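Same chain, two partners: chain A is paired with chain B first, then with chain C.
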Partner chain A sequence: MTFRERLQAWRYNLIPDHLVGEILTKRWTDNAIPFLVLVVTVASFGASIPGFFKPYSLQESTRQLGEFSVVVTGLTVVMLGGGIDLSVGSIFALATFAAVSTFFIFEMPVWVALVAALATGIVCGAINGYLVGFLRLRAFLTTLVTFIIGRAIFDILVVNYGADIQTSMASSDAWDFIGDGTVFGFSIPVITAIVIAVITHVALTRSRPGWHVLAVGGSRRSAHNAGIRVKRTVFLTYVFSGLCASIAGFLIATRLSGAGPGTGLNLEILALTAAVVGGNSLGGGRGSVVKGLMGAIIVLVMTNGLIRLGYGTGTNQMVLGIMLAVAVTIDIRWLKNRHKVLNEVYVAPVYLKMGETQSALPGSGTAYALDNRLSEADHIGLGELEGPEDVILDRNDHLYCGTRHGEIVRFFAPDYTRSEVFAHVGGFPLGLAFDRHENLISCVGAMGLYSISPDREVKKLSAETARSWTSVVDDARLRDPNDCDIAPDGRIYFTDSTKRYDAHDWALDSIENRATGRLLVYDPKDGSTKTLLDGYRYLNGVCMAHDGKSLFVAESWACRVHRYWLEGPKAGTAECVIKDMPGYPDNINRASGGHYWMAWLGMRTPSFDLSLRHPGMRKRMTRRLPQDEWLFPNINTGGVVKFNDKGEIVETLGDLSGNAHPMVTSMREHKGQLFIGGILNNRVGRYKIAGADESWTGPASYWGGAQ
Partner chain B sequence: MILDPILDYFRGKAVTIPPLDGAFRPNTRLDDAHAFVALTEADNLAFRNGTLIASSGNAVYTLTAGTEPAVLESFPSPVTALAVSPAGELAVALETGKLFVGGKEVALPSAIRCITALAYGADGALVLANGSAKHAPSAWAADLMEKGASGSVWKREAAGGDFREIASGLAFPYGLHPVADGFVVSESWRHRLLRISGSGAPKTVIDKLPGYPARLSPAEDGGVWLSLFAPRNRLIEFVLQETHYRLDMMAEVPRDSWIAPSLSSGRSFLEPLQCGGIRTMGIHKPWSPSRSYGLVVKLDAGLQPLFGLHSRANGTRHGTTSAVEKDDTLYVASKGGDSVLAIDIATAEGR
Partner chain C sequence: MQGGVPGNDMKSWLNWKEMNQERIVLLIAILIFIVASFTLPGFFTPDNIVAIVRSVSVLGILALGMAIVVIGRGIDLSAVAIMAMSVAWYLQLLNDGMADGAAFLLVISGVLAIGLLNGFLVAYAEVPAIFVTLASGSFVFGYVRSQLIAQDAVPVPLGHWMQLFGGVRYFDIPVEVFIFAALAFLIFLFLRYTKWGRYVYFAGDNPVSARNAGMPVRPMLVLRYVISALIAFIAGLLTAASLHSINTRVVNSTLLYDIVLVAVIGGIGLSGGKGGVRNVLFGAALIGIMLNAMTIIDIPLIYQSLIKSSILLAAIIIDGFLNPRDEQTAQQGDI
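On to the complex of A and B.
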């Protein structure tokens, strides 16, 4: 091995590049940029303004922040629902006026002032909501209009009644407490903001109305089709926004005990900037209350900081404008390109030097030499079937196979020309096995382990195992359950081939070649699922040995077969019994005469084997070429290999013409015939095995009884 | 996006190839065509005294409809190019680098070892294309993967004398066509046609071809037939940029299994496979990426492409190295498909 190759092996096998892609799949990465901005903003203003973190200064800032956050929370909800509310500033001002006029002019109690403020907010919000939600007017223009009208009314009221408020003698301890007091060191606005934020957050993430808001924002039409009352949901978001603005208005009324022309001026710009800078998408559907709060802190610290550093209003507005522009740009670009970035970085190949293999070329004289025998197979269901990954026969000789449409199809003996959909499972049914009670057990790609009873009842057995400690993406979920077999005691042993790719992208796993395959066991007694082996390169076929004391498991991308011991001195350990095959093994099944059949889904090619030693080349290939152009193992040629209990190869069958069975993923022997399936094929093949025991069947081999 | 040039530095620029569109729009006319004769590795076609002749293996054959090819002349090593002089004399080049004109060996400068094409000018001057200074014609894939650009074009005047180099530094010249003031040369590895005139540097007449151009021959209406023997493939172009992988591949992988263009593909399971080429539900997609292809393009008198005849990824008439026209019939040699095809030109144009 050259030094360069050794270096490559270290670089690609020790540095976990795949984590970048896994982290990017997490929703919380959306928060990373706003959070970084928040930290930088607070740190830089904290450092440059003396006394920024002093208690008094902080107390005053946080009061203001509390009121502001409440407004931003309301606006966030509207934005999540796919709308926008420019009238929060005027609602805020009107609510302030309602509170102070009730308290100072009409000299009513504090709670009446609160009710008046809230009622103002709800009414204004309801007007917005009615116009936008029910009359389907444009949110931007509608709220701009209500903002102008609301502001105009407020200005008229302040001019006419401002003096009355100033001269009023009304006072109340409660009023002063809300405005000035603290509870355990927290001011009322801060407590209010926290309470509202928590309630809103819980409602959005864990309640039906909250989900409806997100659904409507994400896709109005889909939400409508799903039966969500879109108009009402939109209406309610504006009412909530109005309510929040009025709560903030009431709080500032108690703090300042008055209302002036400056009340709530430019608040809509500030709130909008805060919501967007926090990372809430303008398009709706994406965002959270936490993002809104982060944005609120950033904007407020920024504007207050700039004022205290001596910059004028112009500079302040300029900074806000720039922040808004940057945030909107990032929002749009990120939303648009996130999946592209993810696509580019997700495939993270590792280094592997494959062992020297024997030739499988016809005439090479090795036990692996492929021939053309499988091209003579009869076809079953040609053109009707799509993707029979595994095939199996029951005691009545009926043939079952999965299809890529998520169905289990049954072909009737003896001629297999008639068929019916035996059961619809969904996903992509892969490995099949019959248990003692003739339930059909299936590994369903992208779903889990399922059982289908003879009277067609579909039952989920397992879809998860224990999560490993170091996983970033939850690996408890079964991504690609592939093949299963059943031990004499009823336990179901099955494989989950990869943690990195979904079932339909299985071939991509060969490019990455990361060892994430698992062998699992499902115990029907307590319904538990345990991981037995982890860290193999695409664990695929499973087959119980004839004596039931061990099982064979195929490791596809490493071209190996392992024996996992269930009992005896080596119980719980695996040993490699066949290595360095020239083909990629798929399902393994029992054969008559104490032998085993193994399918080859594809053949190794020298160019692909070499690329495994050049992980950097594969990485660049995935980034610079579209997927259709990627170098794959040769999965256009497969075969069927027979081996004995010691792992010695008995014979190999192939279809070199590629016309009938280019790729073989499974085969079953039944009464002297071999039934052949392929995950990318459009038929099941039936091949007469020369000299096979014509009474041997799988069900009898496993569960005894009549041959 | 404006940031693309900066981002490209980190992510690498996408590898792209010219699309099969416009004049190169795919069809299946080569696969639909009638096989004139079956001939193993049929390569260079020409007309001699009104009869179609073709090189194949160590011999030159005469081809007539309905009969087996008859050996016209055989040689000690594979024939790599042939041409017929205006006087009807046969010029034949061999894999070993030797040249026979009228049955007599012609002394060549030592630099000529890889004769890929021969042509006579209207005045009787003989021109030959020397594909590579390093490799024999059969090792063309090695020349491509080494990014060879050591080809040259040589000319012997009608009056006789020695061959004189008229162009050098070419990336595998593979076809020659005489024009009024010189010759048009197809430069395979750079996917273009050049015009070499009596004086001055070669001028590009057409570039960004979607395949590797091979031989050129005159059409009866004054245009030119251009054969392309393999398609451009994004994976191959990518491998050409991957120095370490490419060198290791050349050192360790048998040449038939390289990620390189090919005259035919899909014959061995040791060949590389690309994702798009996976046979799904019994179908091999015709538009899938392929290492081999069949394409003959008609160029007008101004050497601009008019239309093409294709054998697509799922076809068999691949490795089209030569095409000649006579009496409104186009004869195409498919070296990868082991046959010579006859196509009625009126139907070929699709009119």
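On to the complex of A and C.
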């Protein structure tokens, strides 16, 4: 290895570039910037204001924070639903007045004051909701106007009744306790804020109405077309926002025991800035209560801090204006460009030096030398099939194969001219196997491991395994289940080829060449799925050895076959039995005479082998070139290889004509004939094997019975 | 939209089937005017009518700027802040002894900068206009108030041309009325006869098609916000000229909503592409007559504000019915 290559290997194999892309796929990265701002804000103001972190100071500022967070939580819900509510400030003020007047002027009990405040909020919210939700008015302007109306009404009320409130003698312990008391050191507003935040969070993430809000905000039209009652959902978000504003209004009423011209002034722009700075998207669908809370803390700490630091009139507005503009701009730009950034950085190729291989050239004299025998295969279902990745035959000689339309098609013996859709599974059925009870087990691409009973009942067996501890992206889900086989004890061994890409992006996985393939086992006794092997380059075909004590598993991009031991001294370990093949192996199946068939989906090329030693080049390629011009494994020439129990190659079949089966992803021997499938083929091939045991069948080989 | 008030085809103009918001507004304005003339003492006098026109001139000028932006499917919530704060800064510089020319250049470049910034964020960063201008309005007020001027109100320095300018009258009509008329005529010419003026309608009606048709949609957007900022500056100068000082507290008043009210109530659809200078004139007429009548009846300011905002809400609701939005065609994030 040259020094340059060694550097490349270190650079691309040791630095985990792929984590950047994986982290960017996480939705919590949206929170990272607001959280950083939060930390910086609190730290810098905490450092510059003496006594900022003293308990008493904290308690006083958190009281205000509690009230403010409640308002922001309400506004967040409205924004998640795709709207905006600027009238929170006046609803807040009106609710304060309602509570204060009920308590001081009418001298009613505290709970009546609470009911009055909440009723005010709900009514105001309902008016907003009716105008914006049902009449479809523009949220921003409409709530701006209801804000002015509410403010005007509040000003009139304060002018007329403000004096009555101040001169009232009413008092109550409960009122004072809500305003000044603490429970375990927490003031009532803080507790209220936490309770409301938790309830709202749970409702948004785990309840039907909450999902409806997110759906409407995410795509109003799709939500409408999906049958969600969009107008009612929008209406309810405004009612909720009004309710939250009124709760906050009640809290401040008890704290200040009065209402004046300053009550709730500028609250709308504060709350709006908080919601947006926290990272809630304008236009809805993206955001959370937590973001709203972070924004609330940032904004309140900053504005209060500026006042306490003695900056003059106007500084707050200036800072708020800058924060709002910057946050909105970042939000818009980030939403627009996030997927571009992700596309740019997700593919992170690694260095690999493939081993020297034997030639597969026709007439080269090696065991791998391709010939033209497969071109003699006749065809089944020509033009009717699309993508029979795997084929299998049952005891009655019927032929089954999957299609890219998510169906399992059955061709009837003996001439295989008649066919029917045996079952519709969905996804892309790949590997097939029959179990002892003649259930057809299939690895369905992008879905998981499925079982189809003889009477066509489709059942999901497994779609996930245990998550590994170091994973960033959830690797519990099976992204690319590829092939399966069944041990004598009924356990199903299957592969999941990659954790990084979905099944249709297999070409990207080959270009990246990162080892993330897994071998898994599903135990039908308890329904559990376990990961046995991890970190292989696209694990593909699986085949149980004839004695049932070990299995063979193909590692496509490394051109290797491993034997995984189920019993014996090496149980639980894997060893490489065939390496440096000239082709990329796909499915492996049993052959008569104690041998095994293995498909080559394509052949290695010197150019791609070379590119594997230049990860930087492959990275640039995926970024700068259109997909059609990428260099990835050749899949236009393949073949079928027969090997024995020790991994020695017995013979190799090919189709040099390129007409019938240039690429092969699977093959099954059945009564002296070889049935050939290919994921890009429009047929199943049938080839008469010279000198094969004409009584040998797969089901009998696995489960015994009549040969 | 056609310019000028039609005169000789009154009959077809009053046809019920041809009714639209603009005509309704004009009729209501005339109706209120007639009723007030007969019932309110001192309403139908030359002095009062001049006072009405004068009171709406500044509002009307600001509404002209708003109209250009709204026709192009935007909104400018920073207009009042720019109006008050630019002039306050200008007067503060003069009071601090800076030469008039230098101060004026400095301020007008500041005004242009804010207009450009608004336009840039809306056009190129694709941030909704409503947020850009809300934020920039807040910033302009906060920055000027905290950094550049000393107190809420800044007086016009003694002997400055603005002091004299405020008292200028032709035919007993104050000068700002003429300026309002001249600006209205200029903007009418711009919107009606210049290429970019026509483009404002196309871009407001359907920005994507306008862009696909090859119009410079983004530079035009920037231009509109710059025009709006400049018009706000002119309105501020006139205000200072007539009051001999500028009070920055006007930013926190409901003036901004009065501007939107004048534009919207005159029939300039908020979804863009509709309306013209005539709508602003009608809207301003209605608001001017109404405010004047309410003042004569002696309705307190806070009630006036309630009445105005209720009318604005009604106008928005009517606008919603006249220009309904559809679930299938509404744009995501169009708030």
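For the reader, a short list of remarks on this structure follows.
In this text, the second predicted complex is superposed on the first by the 701 of 707 C-alpha atoms of A that agree within 3 Å, B and C clash if a C-alpha of one lies under 4 Å from a C-alpha of the other, contacts with A are read in each partner's own complex, and residues count from 1 in each chain.
By our rule, contacts are C-beta pairs under 8 Å (C-beta built on N, C-alpha and C of every residue); 3 or more make two chains touch, one makes a residue touch a chain.
Only a predicted model underlies this, so the values are computations on that prediction, with no experimental measurement involved.
Model built by superposing both complexes on chain A: chain B and chain C fit together without a clash.
In the superposition on chain A, no contact is made by A:72 with either chain B or chain C.
In the superposition on chain A, contact of A:136 is made with chain C only, not with chain B.
By the touch criterion defined above, A:319 reaches chain C but does not reach chain B. Shared-chain residue A:674: touches no atom of chain B or chain C.
By the touch criterion stated above, A:605 is placed in contact with chain B alone, chain C being left untouched.
Shared-chain residue A:214: touches no atom of chain B or chain C. When the shared chain is aligned, chain C comes close enough to touch A:153, but chain B does not.
Contacts of A:632 after superposition: chain B is touched, whereas chain C is not reached. Put simply, the nearest alpha carbons of chain B and chain C end up 8 Å apart when the two models share chain A.
Overlap of the chain B and chain C contact sets on chain A: empty, with no shared residue. Chain A makes touch with chain B in their complex at residues 4, 344, 360-361, 370, 386-387, 507, 603, 605-608, 610-611, 613-614, 617, 620-621, 623-637, 656, 658, 662-663, 680-683.
Chain C makes touch with chain A in their complex at residues 75, 121, 125-128, 130-132, 134-147, 152, 254, 257, 260, 270, 302-303, 305-306, 309-310, 312-313, 316-317, 320, 324-325, 327-328, 330, 332-335. Residues 82-84, 131, 135-142, 144-146, 148-149, 152-153, 155-156, 159, 219-221, 224, 230, 269, 272, 276, 282-284, 311-322, 324-325, 328-329, 332-333, 336 of chain A are the ones touching chain C in the complex. Across the complex, chain B meets chain A through its residues 11-15, 233-235, 238, 242, 244-245, 248-249, 252-254, 257-259, 266, 268-282, 288-289.
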